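Note that chain A is present in both complexes that follow, paired respectively with chain B and with chain C.
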Partner chain A sequence: MAKMPTPEELLAATPASFPKEGWMDTKPDFHPGSYCYPAKTDALQKLGFENAHEWAPQEEDWNLPENWEEIIYNSLKDALEKHRSLKLFMDCCVRCGACADKCHFFIGTNDPKNMPVLRAELLRSVYRKDFTTAGRLLGKYAGARKLDPEVIKEWFIYFYQCTECRRCSLFCPYGIDTAEITVIVRQMLLDLGLGINWIMNSVKDCNETGNHLGIKPHSMKEIVEFLCDDIETITGIRIDPPWNEKGHEVVFITPSGDYFADPGVYTFMGYLMLFHEIGLDYTLSTYASEGGNFGSFVSFDVAKRLNAKMYAEAKRLGAKWILGGECGHMWRVVNQYMATYNGPADFLETPVSPITGTVFHNAAATKMVHIAEFTADLIKHNKLNLRPERNNHIITTWHDSCNPSRAMGILEEPRYVLKNVCNNFVEMPEHTIREETFCCGSGSGLNAEEIMDQRLRGGFPRANALRYVHDHNDVNWMACMCALDRAALPPLVDYWVPGVTVSGLHELVANALVMKGEIPRTMDLRQEDLPFPDEDPAEEA
Partner chain B sequence: MTIAFAATLLILFVGWAGSALGLQYLFGVILPLVAGAVFIIGFVWKLVRWAKSPVPFAIPTVAGQQRSLDWIKPSRLECPWTTPAVLVRMLLEVFAFRSLFRNTRAERTVIDGTPRVTYFSNKWLWLFALLFHYGMLVIIIRHARFFLDPVPACIAVVEFVDGVFQIGAPRFYLTDAFILAGLAFLLLRRVVSERLRYISLPADWFALFLLIAIAVSGILMRYVCKVDINQVKEVIMGLATLHPVSPTGIGSIFFIHVTFVSVLLIYFPFSKLMHMGGVFMSPTRNMKCNTRQERHVNPWNPWAIDDPQANYHKYAEYEDDYRDAMVEAGLPVDKQPEA
Partner chain C sequence: MDIAKLCVERRDELVERWVGLFFASYPLDSKGFMRTNRDRFSNPVGETTRIAAAVLYDAVTGGDSDSDAVKQALHDLVWVRAVQDMPPSKAVGVLYLLKTLLRSGILPECMKDASSAKAVEAYLLMESRIDTLAMMALDMYSDARERVFRVRVEEVKRSQSQVIRLAKLRREQEVPAPETDNRGVEE
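Here is the complex of A and B:
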């Protein structure tokens, strides 16, 4: 990472007012750090994008296909015919401006094109020109403009400066959902062969290897064995999770970030410890080793292809239902799209917790349960022996991830779990939590290193709320249930609010979980000394 | 803004000129009839145009706790999972502007030398938007007395309540003040706020100017340049029953008002004002939040997972790619490697 300005410098460098000229006359700024690296041609080709080509964002000429205007026209026409939402969102906006300061990128940058209304106008102006009579006849006076390569560049900058968090759609009087518009524009850009490497490489890897990180089956097994070694060190218990085995009741699928990246791995260890303790009859899968879905950020078609593996694998393995790990956008897809994309999943059964007998009627169609629901149910039924005192050095807050909040509504379950495993819980201020939660600034595949400046700005509202409880309530921990958050928030928090640790929910669960036959715990899952270790029975005697 | 203002003035001039040049029949009868037809046909055409595109995915914006475990209280209206609950959500949206009621204002400040953001509840837009829309609604209902003979009791009641303060003669209507206050606020914030100025298109100014012109010309006609109300009613009844009566002898202000209204009716279906119809169709508001419980069907879904044309990377292909390594790592395989 290049030398970063201090937080004060970063925000001082934010323009205080908007440009003098109108937005149609301002050009996007391409300097290193303002754009994501382009997707590699072979990655796009492997996924079947016909117009994949070599290009570079900072170059004047993007080598667009010869008939690029026609491609965009057809792509937009197709999207309008397929999505009522798009037609409505193009026609209904009254530009009341209620969405403007709801966007974390706008708050962090004061760039007018980061107001959701203007982000959408970037497409609307072209829509008016091509698809409305007024736009065709009156042009600029009807808010229409001609499509030119500068517009494509502007789309590339600003639709990769939206994290599809849908906070604006909550406040919009007509529910205009910028995430929908962003996905569609990214899809149109892909039709021109324009994508970003961070997303498309993950998509290609996920398609081939089963997960975004491109971990091959044998390596995956090995990685998890290392994690099991750590669990043994901490608890004295050896866990040997089943892989790709047929005939188990449950397939467990979680974002691949949890297998691999710090601090997600501690959450993953937490899952394994929990399953071992309750004796869950489950298997992991290397083929469906990805809960997340980077395809969902850019294309409905690609999202469906990646998502299909979950059901295909559950069916092949003869499982009864699917348990899903902690994630954000994964649950947007699972909750709102999965059954539609690849259902009906009538080869599976309505999920029933084998430990408590609770029937998850709310998952009757998808057959897929969120682990926070599952664990909350276990705790409610007193099935877990918990010692929250082990987490007494932690004063934690809860970061609601965008997608589980505004596309699912899983708000109380994680809080219930958290309060049962951690004695000190503090909420961040209102307007920054629950359905009004702020994105980490790196969602929708924007957690690429090369745009760190933009990510830090986008994460400023979240960090600001955390800063408040850090200053006022000595909060030193932020738990969350999004794998992207677990990757994106630690650098963000180190930058804006040093002294706060980021973790998943089940890391804290496993810290507190008293397992049958375990050794007295002296370390947490990160193998750091517990300030309040278990008493050693041997010493007592 | 200038263009929109000029366009509004032009309409004013045309309306005035129409009556001055003795084209009363054209402006008092033909124009409103055509406008009414354009409005109705255009409105329906727009709704049909929207409805022709399917809703492939269930994408409600969830604004509260989901229904999951029995002992967790779900938010029936913010995360509605039944049709009646969705209806209530929609009613709140349409009649109480629920989403706008959430509005907050983010303010960047500096505390102890470090940058911060603070959020304040901000209901002004909600309040004035309500004033304007309800003012408009009641005024439209009141106008029904020009179209109906005898005037139904319910309209008389609305009129009575609207003029309950009994100020002046003719009695001053509250809604006249509401609509002007609402429109003035909507216009002022567009002028004063840097953000609103920046995002405003000519169409945004035009809609406001047009509505203000309608309200002002209507108010002038009632309180200042009074016109013969009985004759007006005859003309309008003629329009309503499609037996037009010649509108000669009525003051110019009537024609100006009617011209403005006609332009609004013609303009309406092709403009952002169609949010009136759109709000009912928005999939982020009018869908059930039970997407894991009931499968939503996409009519253009390209394939099912077992279809031969399904183009995802299938398990068999995956195993072909990695079979040897999998066997070596002790992972089970469907097909044993060739010896």
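Here is the complex of A and C:
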């Protein structure tokens, strides 16, 4: 009879000796839940990726092109020539470890390869081998290693466990931008025909149709009509937003999740109600209906292509400037890359608020204003009639989305808006907010449901800080201004902190907004009864 | 032999060793961070584990403990481990390792003198409490996994809520098809 193992043996929980193999030789583990589904061949082909092919992450053989080593070598060489930053990032890291415990994936998973320093080392080791003399001569002793298919697999696992949130960069004394390293490695993987479905299918649809679900223009219009029906039910006011119309002052572009997904649609209804109330001269566009740049997750080239659509549409429609909705990556692309990609947008004008006359000099280069700035300016100039008491049942906190906060520094405006529309506001603890905010764990296209466990681990630091204010300050709401957050935080909250609702900023704005000619409000934008409804003048009389 | 007193005396040492066994579930390179960083926001997995281990130790060794607090601590611990990519036995089973610690740290003292029968009886009660916790943990683990699957399904529904609404409307507008052909969106 076989000896039954003791619990200790079964759990292998007793600290053993050091692992037999170093990190370079520790192979990634592929099992369902540890990887995203691969991109479909036809989606990649339509986007012009030559080596698109059928493959499956769990299979031993990934059917890589025959000359895959040459492709990677050339791809890395090309990236090093094009991006001096990458060369710097490869050479200057002293492995001080300041970044190590700042990554939400490391903190949540405790997998050492999720330390940003080690994640970058996965590429750096290959770079050393092929592009540095020391690495060529001394190999492993100089931290270099030979490229083999296992390295490619490791890249696929770990560079799709980085949300490009750039929290680590904040703490790096050299400012190494791990997000850029991640984008470049994902680009190299795409050169081999390896991408993930959630991102590449959305990129294909944004490229072809304009929105990430590939909904055709007439259906999109119909969906917005539903939302206008809902607005009419709630306020008694009918709104009929213009579509693809030339000659308006502003073209409004928001992430397409706001058109189709809960709870983004409530934020979208909020935009429409605000624009109607202030009489903004704007149009929506089906061609440029996705502000969130899915291409920026994986490739600078694709990001450029998608970013160009917004500007081409503004030009075609003859708008003066672009107003952008609540989004994350859109703003990183606009603020940090747009001028290089597609600038200068000199066919547009420096944005001026038609309501307050404020000139948005900060948007002089991009001609694009973030709606939180726009609304904060309206409130500052007392242009909105607000009744924050309608939100009195809400005790809200503010989740700083990674990109608007770290890539744009937009920290005060949303808080100013939120405090004006909501009487109960509580900050989450220091070091978990503002520039140091924790990512939702699903950014950069990782909100694929097949890796939900991984997302829950990555989002745990965020949820943990939320849980603290939920327990200590009765916080029951978390507002944010990123479409991925609006999609990814509800499951995160449902698992870690049930009892907290996630919403965009303008949902709360519209709840508080007193519109001219509206009926007394008895329900919020989700058509749930308001605990503090408006008084009905008829009943009073 | 006052077993309760002994458990209090050895509390810090035994809890620390137990926490070490929890941390042993993670890769060696990460354990230093988990052990040394004591900030609940920058090391949430480590601190959740540490806080829970102390509460559960007190519950097992019979100190005064509030049953809601014990449930909450166990819940926090199990729900973290339920999504940590480890088999259920490892996620929950590490609770049992407290038995090994108690057997080496407390039991020998219980058996030292002539009146040991009573002390051993008290000791066995403690071990039974570990069994109770493990059973509770099993339920919690199962709840956590069910929640994961539920949030996955709900996310898919949320991500296309308006498209589903449109599809439903289109179907309502269509001439009803024979039942066998009706394979549209479910209500």
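Keep in mind that, in the parts below, the second predicted complex is superposed on the first by the 521 of 541 C-alpha atoms of A that agree within 3 Å, B and C clash if a C-alpha of one lies under 4 Å from a C-alpha of the other, contacts with A are read in each partner's own complex, and residues count from 1 in each chain.
Note that in this section a contact is a pair of C-beta atoms (placed from the backbone, for glycine too) under 8 Å apart; a residue touches a chain by one contact, two chains touch by 3 or more.
Since this is a predicted model, take the numbers as computed values, not measurements.
Aligning the two structures on chain A places chain B and chain C in a clash. Using the contact criterion defined above for the overlaid structures, shared-chain residue A:98 touches chain B, although it does not reach chain C. By the touch criterion defined above, A:166 lies against chain B but remains apart from chain C after alignment on the C-alpha atoms of chain A. With both structures placed on the common chain, the touch criterion links A:432 to chain B and to chain C. Touch criterion met: A:11 reaches chain B and chain C at once.
By the touch criterion defined above, A:222 reaches both chain B and chain C. In the superposition on chain A, contact of A:137 is made with neither chain B nor chain C. By the touch criterion defined above, A:56 reaches neither chain B nor chain C.
For the superposition on chain A, the stretches of chain B under consideration are 110-118, 146-154, 236-244 or 272-280; the one running into chain C is 110-118. Comparing the two complexes, residues 7-8, 11, 18, 23, 100-101, 107, 112, 222, 429, 431-432, 460-461, 464, 468 of chain A contact chain B in one case and chain C in the other.
Against chain C, the residues of chain A that register as touching in their complex are 7-8, 10-11, 13-15, 18-19, 23, 33-34, 100-101, 106-112, 213, 215, 219, 222-223, 226-227, 257, 259-263, 265, 429, 431-432, 447, 449, 452-454, 456-457, 460-461, 464-465, 468, 487, 490-491, 494-496. Chain B contributes residues 3, 46, 49-69, 71-75, 78-79, 93, 97, 99-100, 102-106, 108, 113-117, 119, 125, 129, 189, 193-196, 198-204, 270-272, 274-275, 278-279, 281-285, 289-298, 300-302, 304-305, 310-315, 318-319, 321-322, 325-326, 328-332, 334 to its touches with chain A in the complex. Residues of chain C that touch chain A in their complex: 20-21, 24-31, 33-34, 37, 40-45, 48, 79-80, 83-85, 89-90, 93-94, 96-97, 99-100, 144, 147-148, 150-152, 154-156, 158-163, 165-166, 169. By the touch criterion given at the top, residues 7-8, 11, 17-18, 22-23, 48, 80-88, 91-98, 100-102, 107, 112, 115, 117-118, 121, 132-134, 141-143, 166, 169-177, 180, 207-208, 210, 216-218, 221-222, 243-246, 286-287, 300-301, 304-306, 308-309, 311-313, 315-316, 334-337, 339-344, 358, 360-366, 368, 373, 376-377, 380, 405-413, 416, 429-432, 434-436, 460-461, 464, 467-468 of chain A touch chain B in their complex.
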